[in-house]
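Both of the next two complexes hold chain A, though its partner changes from chain B to chain C.
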Partner chain A sequence: MSLSPHTTPSGFLLPSIHSAPPFFTQQPNPATQAIVEEQWIRLLLSYARHRKLFTLRVDDSEDKGGEWDEVLRNERINRRIQSAYLSKLIAKLVEKNVAAYDPPRQTRSVLVYWRLPEEWAETLHQWADSTGQMNTILTFYEITDPPVPSPLSNVPLPLLRTAITILAKTNRAQIIAIPDGEGVRFFPSK
Partner chain B sequence: MHRRGVGLAAFDRKDQAKRFAELSSAISQSQISHLNSQLDQFRTALTHFASTHRDKIKSDPSFRHAFQQMCTSIGVDPLAGPRKGGWWAELLGLGDWQYELGVQIVDVCVSTRERNGGLIEMSELIRLVSKLRGVEGGSISEDDVVRSIKTLQPLGAGYKVVDIGGTRMVRSVVKELDEDQTIILAIAQDEGGRVTVEMLIQRKGWLGERARTALEHMLLQDGLCWLDDQDEESGRAYWIPSAMDWGTDDTSFSFT
Partner chain C sequence: MALRRYTTTIDGTIPAEALLYSDEELIGSQDSVGIYDGPQKSPEHQDGIVYVTSHRLFYVDAKYPETRSFALDLAAITQTESFAGLFMSSPKVTIHISSEISLSTQEHPPADNDLGGFDTWECQVCAYRNPPGLSPAAARVCGLCGVPREAIPTTTPGSSSHTNTRRLSASLPSSGLASPSRPSGGSTPISQEQPDQPDPISCPACTFLNYPSLKRCEMCDTQLPRPSRGRKEMKSAPSSRPASPVQDGDPAFNFIRLSFRKGGDKVFYGYLKRALKSKVWEGRKYATNTQNLSGNSRPTRPQVGISGILNTVESSAQGREDNIKDALQDLEALMVKAKDMVRLAAELNEKLTAASTSQSRSVSPYPGSTSSTFSGTPLSSSTTLVSGSEPEEATFIRSSLSQLGLQLDNTPVTQDMMKDEHKWLDELARELAHILQGSRYDHAKKGMMRERGIIALDEAWGGWNRARGVALIPPSTFLQVLPLLPQYTEPSITQRKFASGFTVLHTPPYSRTAFGTRLSEFLVSNGPKTTMDIAIAEGLAIALVREMIEAGEQDGDFCRDDVGEAAISGGGSGTGVEVRWWPNVFAGYVWDVQVVGD
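Let's look at the complex of A and B:
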């Protein structure tokens, strides 16, 4: 049996380690586990980036046909990641600051930071700038669901809020209360 | 009473001894100079050989092998000598070449140790070293690797070529594989990396306990194998990465 990379229907190139049966088992040897964990983390992040997925849940391991299916299971070798192992990996993502529990105070669901909040902040500011929306008040909805698809389309609100908070620290954005909720105003960089 | 040493004859004898000594030193002188001239000739011939074939020795593995064999048969170690790197090595630049290869072998062994537990198949090692050297590096053979590993011995790093079930592997950890582990590795070679307790019982007649102990030891202590707890047949299979066919995909461990 030869292990080889595989391109999924969604066009993602899985590395050959994904076709190795033991990859789907948590390794009892800590040194070995550290290596495969690293592989899983990279794999999850790059897949999230590829599909623009923001949320990963422990339950996704059981969700046959779900949006994470292509990485969490490998039908060709009849393996899938078990929820206990996925839960460990999710904790690892959070520990490495590449994910955050969302909502807070639970550990079964995370926001995956395939772009760091700081990078989202820059993306957001650049988008506002390039679309000529400096100094105007925008609703969160206008950002996450713009008429013209943008890099910010479908960004979860908690992540958007974190990004705006980061911009606010350098006086490049300000959260404003508007009649039906919250809005934001962007300011040019000084 | 006969007294020797007096009279004219005694002068003769002394004179004779002196002449013998002179003669003997003259003969050894001439022998030495003869040897010297032979050595000079040999050296010139070698220099000539080295300068003519240097590039070929470096670039052609089979020629290099023949050259190394010739060295062995005439009792010359191309790397040994009074000078640093050896006299011949200096002429050929072969010493540097060999050490450089040694460094690259260490590089590959160390960087893959995490995934294979310090045991790498010879062909895989050669493939990765060749990749590291790039195209201009010229091709290298098993023989070269074995020689380079020998030059690493004084470092005491424990690099060793071992034969496991007919496959040559390079071990880069100071850790003797015991007999049971060698048998397990040989089975893994045949099975694409997968070994189970049942296989060892059926094929080698081991008791279950012996098989389990050996496999768990490799898994937990040595990190030589990975666990698969979703194995359809036995529920718990052991996979030995150094025996798995990773194809030529190097992205597995460094993709982003």
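Let's look at the complex of A and C:
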């Protein structure tokens, strides 16, 4: 009965609740379920942050050996989350604005905002500033796949576009159409 | 002679009701009737009872019922006349009989000879076994599906005349049809063909052998070569070369008279007229006709086809319902009687008690409950208690009463004993408490809940009513009594309703909070358990335990681990792996990991 935290092979420290079998079952009692969902969301977000995972799909619950495997399954207690339950949790994530359906108009996969779009916007601006790329036109590719790894490496394009849109609202960036697609120019903040 | 020719002998010793076909009805009767055969008195039939039924007319001779009684088919009657009587002449009813008995009447065989009419037969279409005893017209078609009865194939046409061959004579070509002779069993065979008959006339066009009196051919309506005295002829059967049925007799004597020696002719004539008018023997529209005939007739519809089957089902269901209603009424009457008996017993008991107390002034060992002491204690002790003071008869009566189970102690509380409803409900609650917990003084008497802390409502209700025996408590009253129960019970018994609507009575250890706490402790010390494990540990029914745990789950006491659903291996929905119950591990959970990085 005594539950203890557990460190996964990827170095993530799972909370002790992850070792409780009831954690993987939907609880009919709404009050209990609310607590469980809160723990799940916290767990999913922190794991995504740890592994820098951006996409969570309902199918990940069935996908043995997938990148979410360490949290969606617990081989030690022989439990895994059901896709129906995960789907519900995903809906909860979107409801709490810590994820967005991507692509839109479906509910099977989400972009997980382990940083909020506003935080991403700040990170992006800081990165441009620190790498001295103010007033330079950058392609999206140059941002998401820079020669020197950055916090923004592998950021999905929809998230990047959202962040740039946020910056554009405060006149710190501008989207520019270029022959190969789109580009962005950052301006120093005033 | 008309009488001899058109009537059949019956055994008058049999009551008229027993002679009827099953679809025939007796309409009326008149005694002291004499018969005239034609214009003359028939010396053998001068005093008898005449019955008229929906199908026939019976004469049962008063002196020689066995030999001189006869029956006459109403179908043969063409017209009737009434004569009111004059001076010494009695009132008379003249019955004219058709000299040419129609084909359908010929098919009415004498009842005592007709094997078909008094034998069951199976319909070839629907395999329904038609019961015997139907009138000839009704017996010709299947009672269930309405399909005409088939000829019995074993009867060879032309062979000595079995009645069955005639059944379909209208449609079956058969060489024997031209002269379907009557079965010889009857004492008065109706002769169809007599040797002195003139030769039939062969039609020049179709060669059909027509009856000599016809002007035109029956088949093709061609003028016949030798027109003779004409009379409308009935259709004859289409067959190879059948001849028309032969006629005989003098129409002047084709009547009989009923002479009413002691009156009653008017009424009887009315009966006869009605029977003739309704033509029940034709086998159709029983319903309207029989209703006209007699008021008490049941509304029968033609039992034909699917509607017939449905009718049969409907009527049998109706019959069953009536039976049940009757039975319930009987029961109610019995209950009233039982109540009387109980009251009588109570009165008797009171009287005896009063007599004995005044006589001996003996003080009961239980002050204030004299009567209940005497009657409530077992027989032996009551005998010893009262034997010294009561006369032997009183003791005997008392012991008899207690042997019958009519002790005052057992008398159920009924509403008429109580003045107002509150008092009544209070008394009921006290009684129920007694049933549930047994006597407080007498530990040999165990109540329903002495051993158990929780009991389903239906069981409590059933047990209470069984204990009462009479004046049963309806569920509504039972539910009214339940809120009063805690006042009369020790430990207090309360009602509890689960989410599913399942309701129980329970003692304090089974209340929501007490059970929740107990089970939580149990789970913490013993680890997660299935519903089954908990039911075993608690000694309760599984369904009940499930209800209780789910109630606890609603309170947040427990949480579930759906092993069947959530297991990686060995689970899977439908494998029957049970849910395991955990104490609520989530409530008050503190995130015990400090996430590093980021």
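One rule holds in what follows: the second predicted complex is superposed on the first by the 189 of 190 C-alpha atoms of A that agree within 3 Å, B and C clash if a C-alpha of one lies under 4 Å from a C-alpha of the other, contacts with A are read in each partner's own complex, and residues count from 1 in each chain.
The rule is short, and it goes like this: a residue touches a chain if its C-beta (ideal position, glycine included) is under 8 Å from a C-beta of that chain, and two chains touch if they have at least 3 such contacts.
These figures come from a predicted structure and were not determined experimentally.
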Fit or clash - chain C, chain B, common chain A: clash
Partner chain in contact with A:Pro22 - chain B first, chain C second, else both or neither: both
Partner chain(s) touched by A:His50 [first = chain B, second = chain C, both, neither]: second
First, second, both or neither for A:Ser189, with chain B first and chain C second: neither
First, second, both or neither for A:Glu75, with chain B first and chain C second: second
Contacts of A:Thr32 with chain B and chain C, given as first, second, both or neither: both
Which of chain B and chain C A:Ser153 touches, first, second, both or neither: neither
Partner chain in contact with A:Gln126 - chain B first, chain C second, else both or neither: neither
Touching partner for A:Thr170 - first (chain B), second (chain C), both, neither: neither
Candidates 78-86, 150-158 or 222-230 of chain B: the single one with C-alpha clashes against chain C: 222-230
Footprint overlap on chain A, where chain B in one structure and chain C in the other make contact: 1, 3, 5, 13, 15-17, 20-25, 27-29, 31-32, 35-36, 39, 42, 46, 78-80
Sites on chain A touched by chain B in the complex: 1-5, 13, 15-17, 20-25, 27-29, 31-32, 35-36, 39, 42-43, 46, 78-80
Touching residues (chain side chain B, partner chain A) in the complex: 114-115, 192-194, 219-220, 223, 226-232, 237, 239, 244-247, 249, 251-253, 255-256
Chain C contact footprint on chain A (complex, rising order): 1, 3, 5, 13-17, 20-29, 31-32, 35-36, 39, 42, 46, 49-50, 73, 75, 78-82
Sites on chain C touched by chain A in the complex: 524, 527-528, 550, 553-556, 559-563, 565-571, 579-580, 582, 584-587, 589, 591-598
